[in-house]
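Following this line, the structures themselves.
First chain A sits with chain B, and in the next complex the same chain sits with chain C.
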Partner chain A sequence: MPAKKLNLRKRYELLTRGMGWETTYQKMDDVFPYDSFEGIKITDWDKWEDPFRLTMDAYWKFQAEKEKKLYAVIDSFAQNNGQTNLSDASYLSAIKLFITGVTPIEYAAHRGFANLGRHFRGDGARVACQMQAIDELRHQQTQVHTISHYNKHFNGLHDPFYQFDRVWYLSVPKSFAEDAMTAGPFEFITSISFAFEYVLTNLLFVPFMSGAAYNGDMATVTFGFSAQSDESRHMTLGLEIIKFMLEQHEDNLPIVQRWMDKHFWRAYRLLALVAAMQDYMLTNSPMSWKEAWDVYFVENGGALFEDLSRYGLRMPKYHELATAEAEHVSHQVWSVFCSLGNATGFHTFLPTEEKMAWLSEKYPDTFDKYYRPRFEYWAKQKEEGTFEYQKGLPQLCQICQIPMIFTEVQTDPMQISYRVTEHGGDKYHFCSDGCKDIFEHEPEKYVQAWLPVHQIFQGNCGGPTLPEVLEWYKFAPEDSGDYIGSQDHARWQEWKGADKKVKEA
Partner chain B sequence: MSDKKNTVFLIVQDNEDARPIIEAVEQDNSAVNIQYQPGLVRMEAPGRLIVNRETVEEEIGREWDVQELHLVLISLAGNVDEDEDKFELSWH
Partner chain C sequence: MAVIARDGYVDIVRDKVENFHGNQLVYVGWDDHLLFSAAQAFPLPPEMPYQALVSEVMASVFGDHPEFAQIDWSTVEWVLDGVSFAPDMEKSLKDNGVGHKSLIRFKTPGLTGINGTRL
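Right, the complex of A and B next:
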């Protein structure tokens, strides 16, 4: 008689319990040297439970099936010249920002979770982190494979990983990822799995991938949703680790709360780039940044923190400000990119009349009042040939590394939000109280920040002039500037023109 | 937005594999609100949402492993409780 099939819980227990053991040749603290210095107290690692209970054989089976589906779509997309079905080639600016700014974070997450998969003392947590490390590598690889098709036809996609380590606006995601990776394992997982993946990742992937579907980008929709299916597991891990830390010892609460406050603000600032992608770079946007914020943060984040309040955890600090800023950030970030469009690895473009009508409708209290006049002024200048890009380099925030573009939205939306503090006789500048608080808690860490503007002035980025810096970034002249009149634009016109001729014939 | 304080949701791809799951959710969760957005389907419910293996199996006429849900899953909100017979989301 065949052995009775074990149930899911039992199979998962066999995978994650008893795989580890109490070491005797070496002290446990020497085998796992990093999981205690942060002050998190764990009394019983066996209380760790992964709600998905995915066993290794099931993991390989389902991941293999996801890959087969994805690569079938990628093949067919390439064979059928899927790039010609985009709503407009200007949409690809969003994909260029994605492959240079987001894909390298996937790789950073892979490294981080591989590290945790070795260094957590509990075997259940190690197994979950090992699976996630493989997932993150898969995401990075599938994104590169998928987007490489666009690289055959469009500019600006040729060297994302090299650029991630150098380019001024890419230091925003890079510094976020490296801040987490240089923290201890519990802070890393709080940052990436909880603050980023659970609380905020829906804002990146759901509306953005839905936006890709809305703009005819079948390839991106497919890798995006394939990655998201893993992401649901990662989010669940994030929630689990928070509950686990809070249940293990009451002393963990203040530490977790501080990490939550810090990494919520870090991740939220990073998403300012996504806000611009969603409202401006997508030719057709299925949902505004503000709408996505209301659904995925205000509503779902609210439900989440209500659930966690039984442990004493409260909403992250400055979340009210983030909600107030939702009316402003996308416009502010896109303005900066447009005003420095000669130094971006993607094309910029002013919003069309149609886009501005949509923005007025989605942002009735702010767009017409504060931002439309700016875009219309620039449009007029471009028409008259008097438009000039910014010549100076912007002041950066020491923490989020975004130029000082955010404003006092709760009091005077036209006033730049500017904070300063002193440390070791030097002044440090910040875009917000959130970023300033982070610095003041760990100044020794953040005085070391690699700030692109400072680095240019110190002579570390190829030279003092813009062409030298851009060459050092490996930006080709055709990668930057206005979309209208670019090689990408010309190619698109050629295809669409050819398409028209075929229809006429 | 206070009335939505305890919303749980399950988002799946808008494709053939997900359809029986969506139909099963519709049958077994009377309070569910189903929204079709480009490429995806968002199912939200107050407090609790369940996918039952049996209901999905009736829809497709074959055995269905609850973990096949992973193939179409995009996102979720709520505490997960999964076993052989169901996949459940809830806030405490």
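Right, the complex of A and C next:
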């Protein structure tokens, strides 16, 4: 008689819980040494519920199907010269920032979850983390494979992982990922799965993928789709782990709340790069950063925290400031990139008249008043041939590592927000109270920050001059500077010119 | 508060002054001139005269702003690490109290940035 087919729950139990055991000749605490020192109290790991009940065999099957579809699309994109259907080659600056700044975070997340997949004591949580570790590796790979097509035709895409460890603005995502990876397992999963994936990931993926669709980048849209079902699983894991920690012991609440406050702010600061990408780097923007913030954080995030309030968890600290800043950050970040455009691995460009009209409409209270004047002034200088990139190096925030460009948006948006504290006789500078609080809670951790500007001055980045530093970054001269007049631009013009002639004929 | 760690914690102060080859870090920000998106960082010898900071170091970066040449230095308002101060131009940075990772801010009354926009 054939064996009866097992139901989903039973299969799940056998393939997760059934895979673990209570050790006998070694102490469980020695086998799982890292899941208690953070102070999180777990009384019963069996209370862990994986809402997807996904087992490894089903996981392989789903993922293989998605891979097949994705690689078929990538092949046809390459064969049909899909890159010629982009809205404009300047759009690729966003892709360059993505492959150098976001894809390596996927890899970092892979490493982090692989670690958790070994070190969580609960079998259910361990299996979920193992699957997410493989997901993150897959995302990194599919992004590299998809974007490598553009590397055949455009500059600045040749060495993202090498650059991630060195370049001044890439230290922002790098320090974010490494902050989580060097914490204990519960803090890591709160940071990546909850603060980043649950609360904020929609702000990255939805606008970025619909941005790709708006700009004819079907390759990126496809990897986005391929990653989306994984992302929803990751979000569910993020919510589950938070509820699990809060249900296990009341002492966990203040620890989780503090991590929430910290990693919300860390992730939010990182997303300032995405804000600039969304409002300025996309030729056609599907929605503004402010609109995305209102939908995905204010509305959805607000509802989430209302739901979590029954556990005693409140909204992350300084969320009001983040909402007030939503009218400013994209302009501030793009301004700094434009003024240091000779030191970026992607091309910068001033907003066109059309783009500025769109920005005025989307940011009626801030764009014309605070930001349009600088872009118009630089445009005039460029016309007259007097424009100069900024010659100095900016002061950086000790925590988020972004140049200290953020301003007192609630009182005086033209006044830089300066914060400082002392530790061990040295001064440490911050862009915000959020970053300062993070430092003051664990100063020993952040005095070690590898701040790119300071490293250049210490002589650790190839030499004291800009060309030496850029060479050390492996930026070629043709990777940086204005889009107009670049090799990318010339190539694009050539294609579009040829295209026009064919159409005319 | 301190880091909670399993095996103790060794902190490495990455930016201690000894790592800057005899220099110290100094940050200088020009208030109401946001064409420079952030304060600027410089590695400078502590013995450098304050005058050299102004006429060489600051001029090398801020000099690209059309208003820099118009500054009447006798009216400039200086703030060192959050406190108003009157630097002695002949004395060194150190003797003026400018330490490692000090932030100097300066305001230039009457100069309100490009077309009065605080840029």
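As a convention for this text, the second predicted complex is superposed on the first by the 501 of 505 C-alpha atoms of A that agree within 3 Å, B and C clash if a C-alpha of one lies under 4 Å from a C-alpha of the other, contacts with A are read in each partner's own complex, and residues count from 1 in each chain.
Just so we're on the same page, a contact is a pair of C-beta atoms (placed from the backbone, for glycine too) under 8 Å apart; a residue touches a chain by one contact, two chains touch by 3 or more.
In this text the structure is predicted, and so the values were computed from the model without any measurement.
In the superposition on chain A, A:K66 makes contact with chain B only, not with chain C. Legend: residue contacts after superposition of the two complexes on their common chain; A:G392 is shown touching chain C, with no touch to chain B.
Contact with neither chain B nor chain C is seen for A:E383 once the two complexes are overlaid on the shared chain. Look at A:L451: by the touch rule set out above, it reaches chain C but stays clear of chain B. By the touch criterion stated above, A:L8 is placed in contact with chain B alone, chain C being left untouched. Applying the stated contact rule after C-alpha superposition, one finds that A:E306 touches chain B and leaves chain C untouched.
In the superposition on chain A, contact is made by A:N202 with chain B only, not with chain C.
In the superposition on chain A, A:G39 makes contact with chain C only, not with chain B. No residue of chain A contacts both chain B in one complex and chain C in the other. The residues of chain A lying in touch with chain C in their complex are 33-34, 37-39, 184, 332, 335-336, 339, 373-374, 377, 388, 390-396, 403-405, 407, 414-416, 418, 420, 424, 426-429, 440-445, 447-451, 453-454, 457-459. Every residue of chain C that touches chain A in the complex is listed here, in rising order: 1-6, 9, 11-17, 19-21, 23, 25, 27, 29, 31-32, 34-43, 60-61, 64, 81-82, 99-103, 105, 114-115, 117-119. The part of chain A that touches chain B in the complex is made up of residues 7-9, 51-54, 58, 62, 65-66, 69, 201-202, 205-206, 209-214, 221, 225, 228-229, 231-233, 235-236, 239, 286-287, 294, 298-300, 302-304, 306-307, 310. Every residue of chain B that touches chain A in the complex is listed here, in rising order: 1, 4-9, 11, 13, 37-40, 67-68, 70-84, 91-92.
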